[in-house]
Amino acid sequence: MTNPAIAAQGVWFTYPDGREVLQGLDLRVEEGERVALLGPNGAGKTTLALHLNGIHEAESGAIHVGELELNPSNLMEIRRRVGLVFQDPDDQLFMPNVAEDVAFGPANLGLSGAELDARVTEALAAVEAGSLADRAPHHLSGGERRRVAIATVLAMRPDVLVLDEPSSGLDPAGRRELVATLQGLNITQLVITHDLPFALELCKRAVIMDGGRVVADGSAAEILANDELLRNHRLEMPFGFNQAGS
Amino acid sequence: MGVGHAHALYIHEHTPIHRMAPEAKLVAAFAFVAAVALTPREAVWAFAIYAVTIAVLIRTARVPARFVAVRLTTIAPFIVFALFIPFIASGEQVELLGVSVSRDGLWGTWNVVAKATIGATVSIVLAATTEIPEILRGMSVLRVPAPLTAIALFMVRYMELVAQELGRMRTAMIARGYDPRWLWQAKPIAAAAGATFVRSYERGERVHAAMLARGYAGAMPELNHRRANRSEWLMSASLPVLGITVALVALVVT
Amino acid sequence: MHAPDGFLNAGTAIATGVVSVGTVGAALRQTSNHLKDRQVPLAGITAAFIFAAQMFNFPVAAGTTGHLLGAAMAAILLGPTVGALVVTIVIVVQALAFADGGLTALGYNVLNMAIIPAFGGYAVFRLVRRVLPRSASGVIGAAGIASLVSVVFAAMAFSIEWLFGATVPVPFDTVFGAMVGTHSLIGIGEAVIAALVVGSVLAARPDLVHGAQDLDRSELANREPIKVRVVAIAGVLVALFLATVVSQFAAGGPDGLEKVASDTGIIESEQDHALSNSLFAQYATEGVDNESLSLALAGVAGTLITLAVGFGAFYAVRDRSGQPNQDAARS
């Protein structure tokens, strides 16, 4: 059996205030897959994302990225392999301008000079944001901010992209452009979202998380057509999308 | 609130002063202002030369004179104070328009007004020609400790966002009829400030997570930046060299 | 608010510059030992908060507004060391990027508006907390009083620098009396706002209030009503106390009484202006020109400030060693 892109096995995690957010979570994503991760607020989706590149440390269980098992000695390599795109681009874009922000990751990996510049250009081109290089983050539109946030992790040439609510706060055109951008990236993706039509458009496979565990895993078309399953986990297709995908 | 300092002073233009490396500009501004501060107040001619110099500077940087004048209001309270000095200062008294004032005090007024105005004008030109991140970069080139410039970088990036959060909360209060006029009505607005502090802190935690996710290991990476070259240093030095020369001559003459 | 170039002489500018740079250097060394990388974005974004809070209008009286200096509040929320650093950075950025405050005046501006009120204010906070009950209300009350005194400390410090660095022979007593008098009033506003802000943070995230880290859950939950009005009254009392102490020194004779009377008159007529914009009242009075009195006054004020700042630094060191890496445990 080949190595999965990412695999979480029996992951438990409790916040210092006592909330048990992950309760023995198992999830496996194969290379090249694009998977939607759904679930109600508080299901532990974002917490899981923070585990996948070692920002939170699980109390028990294991995380694998490719052939590597996450441990403190390979943290830097794991963080290169798993690119995390945060929910609020303002949290992700902390440098004075776009080019410097995109350079932040690869510079931490030790790149400099012309090599670093090339990496920045490449990442911005991948999200069609080359013209934004010199702009300050607070002068970007919502859609531009989101694309640049993706570029900041693409610049590290990750193996897996984990996106937290990428379509939130976007206008319809920005959302459509984002779908196109993500479809154009030849890279494994785990997309955390509440936006079910977005999930359906983008992903073949969907996973529902609730109470810190995976409760459903299968084809996106089937899961999103299962009204009862969705209802049980506080999810629903927007009005007008009856019987998604069928 | 007098003159708000939320708005950056930067004026987008293409002049040699705009293009100059920030570290060169910082050194020139500091050295020139220090020379002005050291100039004896009796050397009125020296201040005339300074005035002409900064007029040329403003012209070269294409900073509108009106803009400078408006920004100079930040020193107004100190000027007002300076105007009172002759009436309260001790020492030899002279008649001015029929009022007895202190001769030393008159010189004191002149001293504060002249030096504060020239100093503030130089600062305004510096800020109008240099974007804030550039100023911080210049500081780190000049060996200001990295944690200070890094903290300042985050502050500058997020200050507008934080101010907007506070502003939105206030708008929401005004929309519901809140119109505080006295200190004891300040509780809601202070609570909004407290909530903003909590949000700012939590944003700090998220930003830190976002940095870790991209391999941050405790030090901001060195990015490719242009350093000031020889000709820039020479060009920027013309300002302090002129200032120091004038100050020295003034010190010797008076 | 921020003194311009040429206000004090070169010697004072350099001496205060050396003190400020030294203190900031020591503070940096101390924070980098304990709090590491995480502190940088956190300190930066809380600096953005202090910056925003400083330009925010708070109602004062009859529709006029005032601003926060915020150094004592920053010290109580973030700890004295980080608080002093953050406010220092705010002041430096204001001078360089907003032309607010002179470049050669940075030494005394940082000393008076960041270092002294942060460390001195934090020392007062800790001392007052010993008297007040161990509860949320106690913390809030102490935050108010510390903020008031921190503003007065800043005024005293400026007066002492004036004694050494004035470019004009204006009697020290005049400057001291007017500065401290005005700032006792300004301090009341500072006290109320800072206490309310600290109170609202305590209610939402008590773990973020550095000055309340020693309290447990039940103590934090205890909010016996020390209301805004009580804090304001306490502030007035402290202000009256300070004013009395100061006038004891400043009023050397019958003309001294006259001075106090006219001082207050002027302060009142210029109150709106003083509270909204200016660090200075207008000093249009004849001072008591008595050199030994001046020196005694300056000596007492200087000792007070030094003691307070020393205590603040002491607490800063002790807080850190007593609670190793609290922040890291939270992440």
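Details
Lettered A, B and C in written order, each chain numbered from 1.
What we mean here is this: a contact is a pair of C-beta atoms (placed from the backbone, for glycine too) under 8 Å apart; a residue touches a chain by one contact, two chains touch by 3 or more.
Worth saying up front: this structure is predicted, and the values here are computed from it rather than measured.
Least step count on the touch graph, chain B to chain C: 1. Counting C-beta pairs in contact, the chain pair with the highest total is B-C. Measuring from the averaged C-alpha position of chain B to that of chain C gives a distance of 21 Å. If you average the Cα atoms of chain A and of chain B, the two centres end up 42 Å apart. Residue positions 132, 153-154, 156-158, 161, 203, 207, 211, 216-217 of chain B are each in touch with at least two other chains. In chain A, 94 are the positions where the chain touches two or more neighbouring chains simultaneously.
For chain C, the set of residues that touch two or more other chains comprises 41.
Every residue of chain C that touches chain B in the complex is listed here, in rising order: 1-7, 10, 13, 24-25, 28, 31-32, 36-49, 51-53, 55-63, 65, 67, 77, 85-86, 89-90, 92-100, 102-105, 167-171, 174, 188-189, 192-193, 196-201, 203-205, 208, 228-229, 232, 276-280, 282-287, 289, 331.
If you check the complex, the residues on chain A that touch chain B are 50, 53, 55, 76, 79-80, 83-84, 86, 88, 90-92, 94-97, 100, 103-105, 107-109, 112-113, 116-117, 137-138, 152-153, 156.
Here chain B touches chain A in the complex through residues 131-133, 153-154, 156-158, 160-161, 203, 206-207, 209-217, 221-224, going by the rule given at the top.
Per the touch definition, chain B reaches chain C in the complex via residues 1-2, 4-6, 8-9, 26, 29-30, 33-34, 36-38, 41, 71, 74-78, 80-81, 84-85, 87-91, 102, 104-105, 107-109, 111-112, 114-116, 118-120, 122-124, 126-127, 130, 132, 135, 139, 145, 147-148, 150-159, 161-163, 166, 180-187, 189-191, 193-198, 200-201, 203-205, 207-208, 211, 216-220.
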